[in-house]
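The first chain written gets the first letter, and so on, giving A, B, C and D; residue counts start at 1 in each chain.
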Amino acid sequence: MKQTLRLISVLTVICAGAGALLGWTNALTRDRIAAALREEKLGALRAVLPVYDNAPDRDTVRIQTGGREWTFYRARRNGTCVGVAFESVSDQGYGGPIAVMVGVTNGMVNRVEILRHAETPGLGARITERPFLRRFEQRSIRDTVWALRKDGGVIDRITAATISSRAVVDALKKGLDVYLEHKKEITEDAPPSLSPQGGVKNGATP
Amino acid sequence: MVPRLFHARPRGVHPDDRKALSAAMPVETLPLPSILRVSMAQHLGAPATPVVKKGEAVRRGQRIGAASGFISAHVHAPTSGTVKAVQDAPTLSGPPAPAVDIEPDGEDAWTDLQPCPAWRNTPAAALVERIAEAGVVGMGGAGFPTHVKLQPPPEKHIDTLIINGAECEPYLTADYRLMLEDPQRIWTGACIIAHVLGVERVRIAIEDNKPDAIAAMAGVVREFKGDAAVVSLETLYPQGAEKQQIRALLGREVPSGGLPMDVGALVENVATACAVHDAVLTGQPLIERIVTVTGTPVQRPKNVRARIGTCFNDLAGFCGGLKGAAKLIAGGPMMGLAQPSLDGAVTKTASGVLALASEECTAFESLPCIGCGRCIAACPAGLVPAELSLYLEAEDYEAAAACHVMDCIECGCCAYVCPARRPMVQHMRRGKAWAAARSRSR
Amino acid sequence: MNPQADPRFVVSPSPHVHSGVTVRRIMLDVVIAMLPALAVALWFFGWNALRLVSACVVGCVAVEWLCRRGMRRDIGVTDLSAVVTGMLLAFNLPPTLPTWMAVVGCAVAVGLGKQVFGGIGYNPFNPALVGRVALTISFPVAMTRWTPWRVPSPLSIEAVTTATPLGAVKTALSSGEPMPYAFDGRTLLDFFLGNQNGCLGEVSAAALLLGAAYLLARGWISWHIPVTYVGTVALLAAAVRATDPAHSIPVAAHLVTGGLMLGALYMATDMVTSPMTKRGHLVFGAGCGVLTFVIRQWGGYPEGVSFSILLMNACTPLINRYTRPRVFGHGGRSPARKTTA
Amino acid sequence: MTFYRELIKGLWRENPIFRLVLGMCPTLAVTTSVENSLGMGMATLFVLVCSNLVVSLLRNLIPAKVRIPCFIVVIATFVTIVDLFMNAFAHALHGSLGLFIPLIVVNCVILGRAEAFASKHALWLSLADGIGMGLGFTLGLAALGACRELLGAGSLTVWGDIKWALEGYEPFLLAILAPGGFIALGCLLGVMNHVQSRLAARSGRHVTPPQHLDCRHCVMCRFGK
């Protein structure tokens, strides 16, 4: 009995110590992690959107469609909407889901970034390279057949990485369809009452 | 259950038989040599005990060695003469055993023989006694004492006698010549054995590459009252091995570790049947046999009727000598024993003396097994020699025993076909020796 | 006794005669059997075939020699097995592959596929296929680029087509287009004779069959693996074709296009990496056939021969274990069921 | 002196990857680049040192019956701390190492050292052991990562932009794919064994393995046993 009590108490003490330590660490890093996550998102937005002066990650429109919630980030300069970005995921990737961030301005695709993927290094992973992504950019959203050339579209695939290329096109097309369908709500909505916080001003896009 | 389809055909190999070298040569009788060395270990089981002393005079057919156990056989003087020495001498397989050296006196005088022409009216036990007295053993190679075989335990019922004239070893023609020249003696011997055992069915098994032997035997078999037939076997080494032959003829499979009597069969070599005939009808003990002296280095290959104890040197001399021989083998090329010199002497089981030129000898190299599976296709015992040889090379005897190394009959088919020239039979012998030692110690 | 001097003889265990079959002889026959396919390759692909075959043979022998030397083992290149590996590897390469890639393939094939395991006899996987798969994975673009030298299109739709028949069909079917070939008797005959795009050695089923007939006659391969392999593919193809003719290739086209014949006749029958018994061969061939068909019909690659043979190579120990012959005198029990120490 | 010996043993003589063959999961999974290898190695080093210290401190307190749960709790705590800190301060690296950071918990090197060393030795020596083993693990990962990245991508990425790349190199993709990890590890292990046996032979401690363990007599690849 005494032995069992000792076992229980030692385990309890160690777990309590571990818990305390973790709590302290969490408190220490929580803000940094949140900031890092936001910075990550802003980095992607900055990359796909034209120069803006608001905080697009706080100026969002949420749209429920097809059982999914889409978030559209709006970039503004001097209060006017200069572009919209959204994240889209395709589950047709070779190694798992592929998430892309797409920026749209003036009815054209501005830039595309790959956020997450698990494609084969050296093969499918080449979807992150600029020469491939450039094939999507500066194309009209409406007038482009969003499909690989071998599937009857206009996008050249990456050699030997058809599946990954197709998945990127799929993600893009799904997002653009939602965007076109809800374009009004997304772009013509009033600017948010929240004033942009300081420190999120955008630099120049390359 | 494994489908029967895949086991229907017997396994084995088709080596070039080279029997043409000596097949056409009628049996010639070798003149009495100047000395005869009669080994006491001529058969399976315990060597006989010499019963003569140095300097003693012996007569042809006199007993000079007495059986020293249940599985053992008497040994007789091949001619009349003087005992020059009783000493240990190397046997054909290597380890020394007592041997009696006899210097012939040239008279070749028989000891008193007791013929028994009325064997049909003689009780079986008396006939077995005569056969035992004559020292008859299996002359096909194993040398199992015949009288032991003829006394099966009462619970074993033997229904078929097989007279083995397959002679599947390449080069050898001794049994073939015997069947051509003396079919009647073989057949009478077979009838005596059938009478002793009380079997009604006799089969004479001959490979189909000896059609004239088949015809000769068929000529004498016609007169039998019971169920007798000459059966032509597919030419396939080792069809002469008794268990393989029983399966080929009767479709029965001798269980592992068992004897042919376990499936109601008995196999005797044609030469043994002939010796049984002599032992019963004339009372002559087994003191001579037909030996094939052959091989490319032999100047005049012959089939020779030689006394037991004749030195290989005398045989070679009778056949014109050897020219450029690199290897000398007592027996056939597949299972025979390589001899270091011409000093060996004819035994009851020595059916041939074979010389090979150096270009005919192949050295084992023990290259890595390439997994071709030819040994498995060839093994008449259904083993996986490739695997066994790997175990045995690593001295993993337990594993080899679990893979039934004891069922190996050392026929040499695996080593014959192996493209990597692995010394399979050598490995198997080591494994069998180990397994036998273990079962003894248990 | 005899005045003749007593010679000493060689003493060795029985048997004292040998069938005369050696590893080198078998390998030499395999090389001979590949000559018709090599001739076809030279005719259709010209200089490229010569370049790749010589690079692979020299490369494989050199790598084998270096490895044996490095491992301080006897130099076993005289058994010609490296030559066979080199030729097979070259037969599995597209004609325009750069020479240096072929040499990398040789290093992987012989170095990683064979010598790492201890050389001939110890490799669990077919070395040439290991080399080919390593190249396919590493240089996917170069390994799927087909620019023929003397291959006219069988239906003369275009003068030059840049895909193998199987690849073209796969692409067409996956994007909902009609099949690019008619696969009538004339096309099939063209394909059978070698008038198609593909790896060096695989284009002509006729030449491959000719060589395999030689191997069969010599007894180095048995019919079991090729027949069950090709038969299984044909059977499955016929079944799928019967249910869905619009999206499947005719049976005969399966057999004469792609690497099926090369694989079934020359690589699945590799002694070292295939099972040892005839029953094992049947299982092995059927397994290869199923895998090949599954990859061709539903997989990501138009061709699945090399992967399926390698996968079945991995199963070889198991097949060997469960297809042992029944030991004489042991009833119907299979000794494999008994556990060893 | 003892401290020094415990410190360096993990680098070569008892290298956790090449000699003890522990922690194969991260070894094979994250060594696609030097950067990932170093990140993983550092994280493991930190967890190893901390857990060794704590386990050594508490070694007389923890009853034998519950020692494994206790070790795991300690290790898991430090792994979570590393995870959080890395997420906060090296967010990109955290992204590329992903799931493998939490999986450090089940890395046998750490539990192995806690059980085999720290729970039996003084604080000071456990610290040396942790540092040595951690550095050995890091070095092993980095070596493997360097081989694979160089062959499979033609570059060496030490950290972020500290990167050296071969121009015009056609990458040998196999090296960077999963099978390449096994092959590269096998080759490095082979080289290590070769060097070790050469050293052993030179110092006269060479032992010939029994015949049935020799590849030449093994029937595993032929008959499956």
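General remarks:
Here, contacts are C-beta pairs under 8 Å (C-beta built on N, C-alpha and C of every residue); 3 or more make two chains touch, one makes a residue touch a chain.
The structure presented is a predicted model; accordingly, all values stated were derived computationally and were not measured.
Nearest to the overall CA centre, using the mean of each chain's CA atoms, is chain C. Centre to centre, using the average C-alpha position, subunit C and subunit D are separated by 39 Å.
Subunit A and subunit B have Cα centroids separated by 88 Å. Each chain gets one centre point, the mean of its Cα atoms, and the points for subunit B and subunit C are 47 Å apart. Subunit B and subunit D have CA centres that are 67 Å apart. Shown for subunit D are the residues that touch two or more other chains, namely 171, 173, 177, 216, 222-223.
Among the residues of subunit C, those touching two or more other chains are numbered 118, 122, 140, 340. Contacts with at least two other chains are made by residues 368-369, 371, 384, 386 of subunit B.
The full set of touching chain pairs reads A-C, A-D, B-C, B-D, C-D. Those residues of subunit A whose C-beta lies close enough to touch subunit D in the complex are 3, 6-7, 10-11, 14-15, 18, 21-22, 25-26, 29, 32-33, 36-37, 39-40, 120-123. Every residue of subunit C that touches subunit B in the complex is listed here, in rising order: 1-2, 4, 6-23, 25-26, 79, 118-122, 220, 271-280, 324-332, 334-335, 338-341.
Interface of subunit B with subunit D (complex): residues 368-369, 371, 384, 386-387, 390-391, 393-396. Across the complex, subunit B meets subunit C through its residues 1-2, 6-7, 13, 15-16, 33-35, 170, 243-244, 247, 253-258, 311, 313-314, 316-317, 321-322, 325-329, 333-343, 354, 356, 360-364, 367-374, 376-377, 379-384, 386, 398-399, 402-404, 407, 410, 412, 415-421, 423, 425-426, 429. Residues 32, 58, 61-63, 65-66, 69-70, 73-74, 76-77, 80-81, 84-85, 87-89, 91, 95, 152-153, 171, 173, 176-177 of subunit D touch subunit A in their complex.
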